[in-house]
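The following blocks contain the structures, represented as structure tokens.
Each of the next two complexes has subunit A plus one other chain: subunit B in the first, subunit C in the second.
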Partner chain A sequence: MTGVPLRKRVSVKTLLLVLLCGWLFAALLGVLLQFGLDGQSASVGDALLERNAETASANAVTSVVVSYRGFDTLGEVTVLFLAATGIGLLFGGRRPADGGILGASGTPPNEMVVTGVRLLFPILILLGVYVVLHGHLSPGGGFQGGVIIATAFFLRMLADPAFRLEHGRIGLLESLSGSGFVLMGLLGLTLVGTATFLGNFLPHPVAEMGRLLSAGVIPIIYSLVGVKVGAEVAAIFGDMLERDARQSADPPVEASDA
Partner chain B sequence: MTALLALLLFAWMIAGAWIAISQDDLLQSVVGLSLVSLGAVGQFFLFQAPDVALTEAAIGVAASSFVLLMGVRQFGRYEDKELK
Partner chain C sequence: MLAFLNDPGVLHGIVVLGTLILFFIGLYGLLAKRHLLKVLIGIALMELSVYLLFIGLATSPGETAPILSDGLRSFTHMADPVPQALTLTAIVIGLAVLALGVSLAIQYHRLTGRADVASLTELKEPR
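Let's look at the complex of A and B:
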């Protein structure tokens, strides 16, 4: 159509890249379509479900997350910790010289926000604690309950600018619960006969299944996970809000340029 | 019945995603993303994954929306026309 020759209209590098991507896609599709057909990988979930009664945890997902795959959970919590650390470095790095962030945000919070948060805060805390403590009985657990508690504190920080989370105290809480998690794992390693990390060393009779005090070490570990996740997510929210408040306190430099 | 509900939720999620893309008002875009997550909560619950549904409700609907809202508060509410 145009006078430009074909080799100028089609870049060879792009064409090669597209071909490579297509070949990779086809190869991976060939692998993925075979996956699970041999019955080997499909039976893992069924095997865990069959053995679920031995953990005496009514919620089978929890017994996988905390007991059978507890080490993975430790890794996930560590990833979250690293994310919170990175966000803290990014957002809380430069403190203003006067150190004054109190009352920094210009406009006071809306009356409806204040009233609504006053109503919601205790309910959210109660819901979060319930979700954490009933992790081995009903859906939910440490991660979900921890995030719910952190959300409650975030709303509180929005409604009340004078309310601040003390970073030192949050860090202490977070590290104590993290160390408690590892300590539980090591105790399981030493006390249980099979010597497994995070082994269930407390008595967990199957007859008690479904009660609040059952499943041995699982509710303790999930509570520690809940405290740790709540502290980390609340620290992330706190970092972002403080940075936000500090920026709005600064004189708008960009606005004068425009 | 389950299939019908699932289709409804799919429509809900697509509508939320469309709101998130098409709105100039970034506050409403965040609400649209939150609606997508809310539809995902319904889907997870419908297909018997209540644990994942609870996680999605706590993180997808609440926490990630909060993070995005703080971004909106810092960078202004309306989309820059020159970027379009």
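Let's look at the complex of A and C:
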């Protein structure tokens, strides 16, 4: 790579095109930014911040994600599910008999990885569960915590080739948490007087704000989101690693604490 | 010395410039690189710059994170929570879509042995 001169590595035409695009965009911004900035008195965020005490959630971002924009979150989790399904479809299908081009990596994981993962795995799981459960109190929540938990399982899969996620159990976890989310939304729709999807039907006194048990349904919904995101991202990682696991003839080890 | 950064106009200008540069670096990667994975990395860079722009523009100097902790008692002088929530969901979507794209690229490479965008000619009309 170092032997190639810089002129050969950079395609000048594309660079010029990109610079032209950038210049045009900056010029457009320069025109646009002269309008509308002085007339802006309040935004949706300000209004939501003013009302946020009614959700009794100390984290305003969480109350936007789970309560005010909860329906969007449901759609977003659906997109994640579809992507995970697509990846499963791509990697689960019939593969070439010779194992393909990528199937030749049969080296066992090295000792550092194995020992490190043995140390890190419980800590990562604990951190993930903490981040999920404190989503309404501190930065964090279902998405971040779910990804941390999935990372723990990914590291475990890297370190231990015999460790495999059980797809049936992952699917069950995913569908239970997904339908739990919808069920919570429908309960809010029927039980709350204002009849809003994902309405907060559990007691959520403002005085309790900042406690672990506060904000009514918000922590419950965020935990369900956390389980769902964790299961889906772990399934994505598992599908991508499966080629190694399927070729080794070891019996599958159950993911007992998935 | 850095007091001029407390002016929201200056800070937002820096954020816009930086994210624009990052965005166009991503665009260059998307257009100039020919390896499928590098193209996907370019797309991811462009996504990332948009997240940075949203978060950067939503916060003005002097505003805190929209979370009640460390002695804060009311939701005033806080950053706008809506762009943060949108970015939070967008990051997860971006991760999933990137994973889907990478697995498409891997599958294509596994089937054909190629990873060059210029050689993706399976569906091209014969001349």
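As a convention for this text, the second predicted complex is superposed on the first by the 190 of 258 C-alpha atoms of A that agree within 3 Å, B and C clash if a C-alpha of one lies under 4 Å from a C-alpha of the other, contacts with A are read in each partner's own complex, and residues count from 1 in each chain.
In this text, a residue touches a chain if its C-beta (ideal position, glycine included) is under 8 Å from a C-beta of that chain, and two chains touch if they have at least 3 such contacts.
As the structure is a computational prediction, the values presented were derived from the model and not from experiment.
Chemist: Which chain, subunit B or subunit C, is in touch with more residues of subunit A?
Modeler: Counting residues of subunit A touched by each partner, the higher count goes to C.
Chemist: In the superposed arrangement, which partner chain does A:22 touch: subunit B (first), subunit C (second), both, or neither?
Modeler: A:22 contacts subunit C only, not subunit B.
Chemist: Considering only touches as defined above, state whether A:132 meets subunit B (first), subunit C (second), both or neither.
Modeler: Neither partner.
Chemist: For A:72 in the superposed arrangement: first (subunit B), second (subunit C), both or neither?
Modeler: Once the two structures are laid over each other on A, A:72 reaches subunit C alone.
Chemist: What is the contact status of A:61 with respect to subunit B (first) and subunit C (second): first, second, both, or neither?
Modeler: In the superposition, A:61 contacts both subunit B and subunit C.
Chemist: Mind working out whether A:143 is in touch with subunit B, subunit C, both or neither, as first, second, both or neither?
Modeler: both
Chemist: Per the contact definition in the header, classify A:45: touching subunit B only (first), subunit C only (second), both, or neither.
Modeler: A:45 contacts subunit C only, not subunit B.
Chemist: I'd like to know which partner A:240 touches here: subunit B for first, subunit C for second, both or neither.
Modeler: Both partners, subunit B and subunit C.
Chemist: Look at A:151 in the shared chain and tell me whether it touches subunit B only, subunit C only, both, or neither; answer first, second, both or neither.
Modeler: first
Chemist: Under the stated touch criterion, which partner chain does A:11 make contact with: subunit B (first), subunit C (second), both, or neither?
Modeler: second
Chemist: Just which bits of subunit A does subunit B share with subunit C as contact spots?
Modeler: 59, 61, 139, 141, 143-144, 147, 233, 236, 240
Chemist: Which subunit A residues qualify as touching subunit C in the complex?
Modeler: Result: residues 10-11, 14-15, 17-19, 21-22, 25-26, 29, 43-46, 48-50, 52-53, 58-61, 63-65, 69, 72-73, 76, 79-80, 83-84, 86-87, 90-91, 95-96, 100-102, 137-139, 141, 143-144, 147, 209-210, 229, 232-233, 236, 239-240 of subunit A touch subunit C.
Chemist: Please give the residue numbers of subunit B that touch subunit A in the complex, ascending.
Modeler: The touching residues are 50-51, 53-55, 57-59, 62-63, 66-67, 70, 73-74.
Chemist: For subunit C, which residues are in contact with subunit A within the complex?
Modeler: Going by the criterion above, the answer is residues 16, 20-21, 24, 27-28, 31-32, 58, 65-69, 74-76, 78-85, 88-89, 91-93, 95-97, 99-100, 103-104, 106-107, 109-111, 113.
Chemist: Along subunit A, where are the residues that touch subunit B in the complex?
Modeler: The contact residues of subunit A facing subunit B are 59, 61-62, 131, 139-141, 143-144, 147-148, 150-151, 154, 233, 236-237, 240-241, 244, 247.
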